[in-house]
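Every chain is named by a letter (A, B, C and D) in the order it is written, and numbering of its residues begins at 1.
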Amino acid sequence: MAADLWTALFIAILAAFTGYEVISRVPVLLHTPLMSGSNFIHGIVLVGAIVALGFATTPLEQAIGLVAVIMGAMNVTGGYAVTERILAMFDRSKRKGGGGP
Amino acid sequence: MAADLWTALFIAILAAFTGYEVISRVPVLLHTPLMSGSNFIHGIVLVGAIVALGFATTPLEQAIGLVAVIMGAMNVTGGYAVTERILAMFDRSKRKGGGGP
Amino acid sequence: MTNVLGTVLDAVYVVAVLVFILGLKALSNPETARRGIVYAGVAMLAAVAATFLSPGLSNFLLIAIGVMVGGGLGYYWARVVKMTAMPQMVAVFNGMGGGSAAAIAAVEILGGIGDRTIVALSIAGAVIGSISIAGSVIAFLKLQGWLPSKPIVLPARQVVGSAVLVVAVGFGVFGAVVSQLVWFLPFFLLLLLYGVLLTLPIGGADMPVVISLFNALTGIAVALDGFALVSGPLGDAGYAMVIAGTLVGAAGSLLTVLMARAMNRSIGNVVFGAFGAVEETGGPIQGSMRPMDIDDAASLLEYANLVIVAPGYGMAVAQAQQKVKELTDVLEARGVTVKFAIHPVAGRMPGHMNVLLAEAGISYDKLFDRDEINAEFPNADVVLVIGANDVVNPAARRAGSPLQGMPILDVDRAKNVLVVKRGQGKGFAGVENDLFYADNCHMLYGDAQAVAGKLVAAIKKS
Amino acid sequence: MTNVLGTVLDAVYVVAVLVFILGLKALSNPETARRGIVYAGVAMLAAVAATFLSPGLSNFLLIAIGVMVGGGLGYYWARVVKMTAMPQMVAVFNGMGGGSAAAIAAVEILGGIGDRTIVALSIAGAVIGSISIAGSVIAFLKLQGWLPSKPIVLPARQVVGSAVLVVAVGFGVFGAVVSQLVWFLPFFLLLLLYGVLLTLPIGGADMPVVISLFNALTGIAVALDGFALVSGPLGDAGYAMVIAGTLVGAAGSLLTVLMARAMNRSIGNVVFGAFGAVEETGGPIQGSMRPMDIDDAASLLEYANLVIVAPGYGMAVAQAQQKVKELTDVLEARGVTVKFAIHPVAGRMPGHMNVLLAEAGISYDKLFDRDEINAEFPNADVVLVIGANDVVNPAARRAGSPLQGMPILDVDRAKNVLVVKRGQGKGFAGVENDLFYADNCHMLYGDAQAVAGKLVAAIKKS
């Protein structure tokens, strides 16, 4: 196993703790935005999709890579927009708020 | 800056969050063992001291490396023993406990 | 990688990760939550831009098209969807993430068939990502009502499912060992099938738990893809994926556990239990449901000191939150104290009620957790149950009930209980509700929005 | 690195880090804390052994000697030291860590003078590590009583200090730029001097905060050394240092802030304020201190329903905890409820009182935080203050007092207050205590251990 993978394992351990600890303090009030917010955060997959497509050479790789990019982009923008809409409702500064129909 | 350093920076960020979150839940009751326990944990410096001495070539490097190892070893064993002694006092299973004079 | 550009790009990833975590932390407080997501959004944009600008990439046009098409679709859809359709929306975006992770894994397998470690990691990422996309699509279809929301129970489903999964993984491993790509076609197809088979037998109302589970799984798939990328040309992108993916994996798992616990069930029971497919056993309840007319209910409310509102899924379907807000306002104008009792799994998403009530402009100071408010019910003059059923069912305190042990809102301990629902319909769990037959309980039949509106009118009139 | 051995060693580091974190987590609960430290100890042992076994090392004999000498000394000392000497013990071990970090940095500089990044990181590690060892030694000397514990205030100390620091760093940077080792000698010497100058003006009772600060600093120094090592031959050792060092850096900083906050002071004020060097201003207090004799005090205690004990530094010096435990036992045998009010900074370490009382075998169920117990004082028949002073000084509620704003135990609100102390001595802050002159307060003069012993005897006799 390459050194990079061990390092990545260190990173994964720490990230798991961080995720667990940070999230266990989120009150039930915010569980819905938490769900959609973490949905947004795994939208980082778009970065990997760009790398995959960016280094793709055969047409098959390109096609699959394009699919990856499209799906990743949907995940990231959709996740962001939904979360932002939900949280706008909790925003005291614009109480009457609420996006869309 | 080498790639390893960036990775280390990722790691440091995550470790800082983890340390902060984990520790902020420790009750005042346990602040003394927390202090000596974290003292023990930076005893990991011994690992670095072993590397420094292990790759030392000149006598000067060896001398300083030896100092590093001695001090690191003191930190780690002392930190451990103190913490363990303090925590033994909180141990319900041997209530009358208390180490040493 | 030229040195300066490389350093800048590396720094962008590190800062992005830092901001992600701070953003997640900000989510723990309603005052800061919105700021948190905006910061995280900026960080994400920066990370994506940094990746796009990295030296060595090609296919720029394709990337740009992909980002614009996917991004546009996602953004548009998220802006126009109704708030009540949120759960299936989250399911879709989650599925997209899983699909993207599976597709990345496919590309990695195509390109890296020589390197065992990378192929192994990619296979793992592909397995989880594929299950996540297929399962999320089924979850979407069920919640949207395009598939029946009842559990669809196939014969011997657990055996068949396991067999499909094992064969799929077998194809993948075999393909990796013999280094032939053709084996990965059945590999992916069978995984998608497994995701479908896994999700079909799960009832519509269990979907939120399942969505949260798939959310965590997608995070893990992304992290696995990240592992496969760290030794590649853009290692830092891989690390960022490992971090963000693991964060979500941990956070999502925790959230899933919390949700299942609030329903007093295990995750295994949710996924494999086909809950809601069985009919209730147990004798009929003594007594009858007694309706009350609107004017009597209005004056009961009006002359109360403390009214506690217990909303549930019915309020969400009826989109009654705005009327409930009006009702609160008229009652408060008459000096009545109004509080809201929020059960963590009322509705069809964790914290669903909070979102709806906040949307209607009800301050979250008035929203109380189950733990906070349960002791207060005996002091309440009236509890107004609006479209809630299982979460207020005292049968949960009775041995032998399917709900047994589920933590509920103790509304039956209040002086008077008014229940708004359309008819004799049972709640999601399909269990009779003892509450409706209690002496201190009266029914207000009708659609929640209509009934709340009538109550407002009656109180205003008096 | 042979492949199998290498993999095993890598795995050891990863597991060690995992266990460290779990160990730290276990510290948040007294039931699991001890298990936590034992696990962390095993993980540390494994990490050290893995490093020792790594291919490519030489100087094995020297390493073994160093580990045995240092380890033996540290272990022996830690086992025999008195519990009351704990703070200075922690200071010493902390200093050792800082010194080790500085020495590692020195070796890195000697070996790596060509590589700018490594030298820069090493310089940073050396700066912090050196300050930490020098400062910790001074802290030790003060707490041990080998240096006067009063602030030693030198003229223009802040200017001189800053100048020393700037010149020291200047030598280091210059040495790195011209790649000449000789400049690092004055670099290290001046840094040690700076550590001394920084710590001398800090009063003995502020030392705990400072020790905690140096603890955090040592953690950061270790992390910086780790950064310098990650690109070296044993990169994983470097990562382990980065993780553990940063963990401690973050945890220690937080603890320091909490402590300073409990004293209502900023960290800057603790480090640069030379607190305790100034004399109190403000008029004398009206009234006088009234002693009570032991038998009266004993019967007051004996016939009480609720006695709250508020211990402080005096109990620690007098080693009175065992007698206090006996007193608790005899009182409880007579049906008196006994509780302990623990102020977070009573004594000379954070949580000091908890440790002492636990040592004496008092269950931590009876120990209450300031926040938990403050509301109960008005219900207490007797509060027994044992060697506490500042933490029960109601002057903290008075504008203009040096203690103003410090959160205190509200013992003066109890029906009766008995204060055990040797004489008219002031507390650490050097402020008169209004409590001692209050109508409901009586003094029991004498050494805390002796007085507690006499109370036990008097109660047993009656």
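Operating definition for what follows: a contact is a pair of C-beta atoms (placed from the backbone, for glycine too) under 8 Å apart; a residue touches a chain by one contact, two chains touch by 3 or more.
Since we're looking at a predicted model, the values are computed, not measured.
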Intersection of the contact lists for chain B and chain D: A
Which chains contact both chain A and chain D? B
I want to compare two interfaces, B-C and A-C. Which one has more contacting C-beta pairs? A-C
I'd like the Å distance between the centres of chain B and chain C, where a centre is the mean of that chain's Cα atoms. 41
Take the average of all CA coordinates in chain C, do the same for chain D, and state the distance between these two points in whole angstrom. 46
Cα centroid separation between chain A and chain B, in whole Å? 35
Averaged over CA atoms, how far is the centre of chain A from the centre of chain C? Could you give it in whole Å? 15
By residue number and range, which residues of chain C touch two or more other chains? 21, 235, 239, 243
Touching at least two other chains at once: which residues of chain A meet that condition? 1, 4, 7, 10-11, 14-15, 17-18, 22
Pull out all the chain pairs that touch, please. A-B, A-C, A-D, B-C, B-D
Over in the complex, which chain C residues touch chain B? Could you list them? 7, 10-11, 13-14, 17-18, 21, 235-236, 239, 243
Touching residues (chain side chain A, partner chain B) in the complex: 4, 7, 10-11, 14-15, 17-18, 21-22
Which residues of chain B touch chain D once you look at their complex with the stated criterion? 1-2, 4-5, 7-8, 11-12, 15-20, 22-58, 60-62, 64-92, 95-101
Contact footprint of chain C on chain B as seen in their complex: 1, 3, 6-7, 9-10, 13-14, 17
Give every residue of chain D touching chain B within the complex, in rising order. 20-21, 23-25, 27-28, 30-31, 33-34, 36-38, 40-41, 44, 47-48, 51-52, 54, 56-60, 62-63, 65-75, 77-83, 86, 89-90, 92-94, 96-97, 99-101, 103-104, 106-108, 110-111, 117, 133, 211-212, 215, 218-219, 222-223, 225-227, 229-235, 237-252, 254-255, 258-259, 342, 344, 349-352, 354-355, 358-361, 363-364, 367, 369
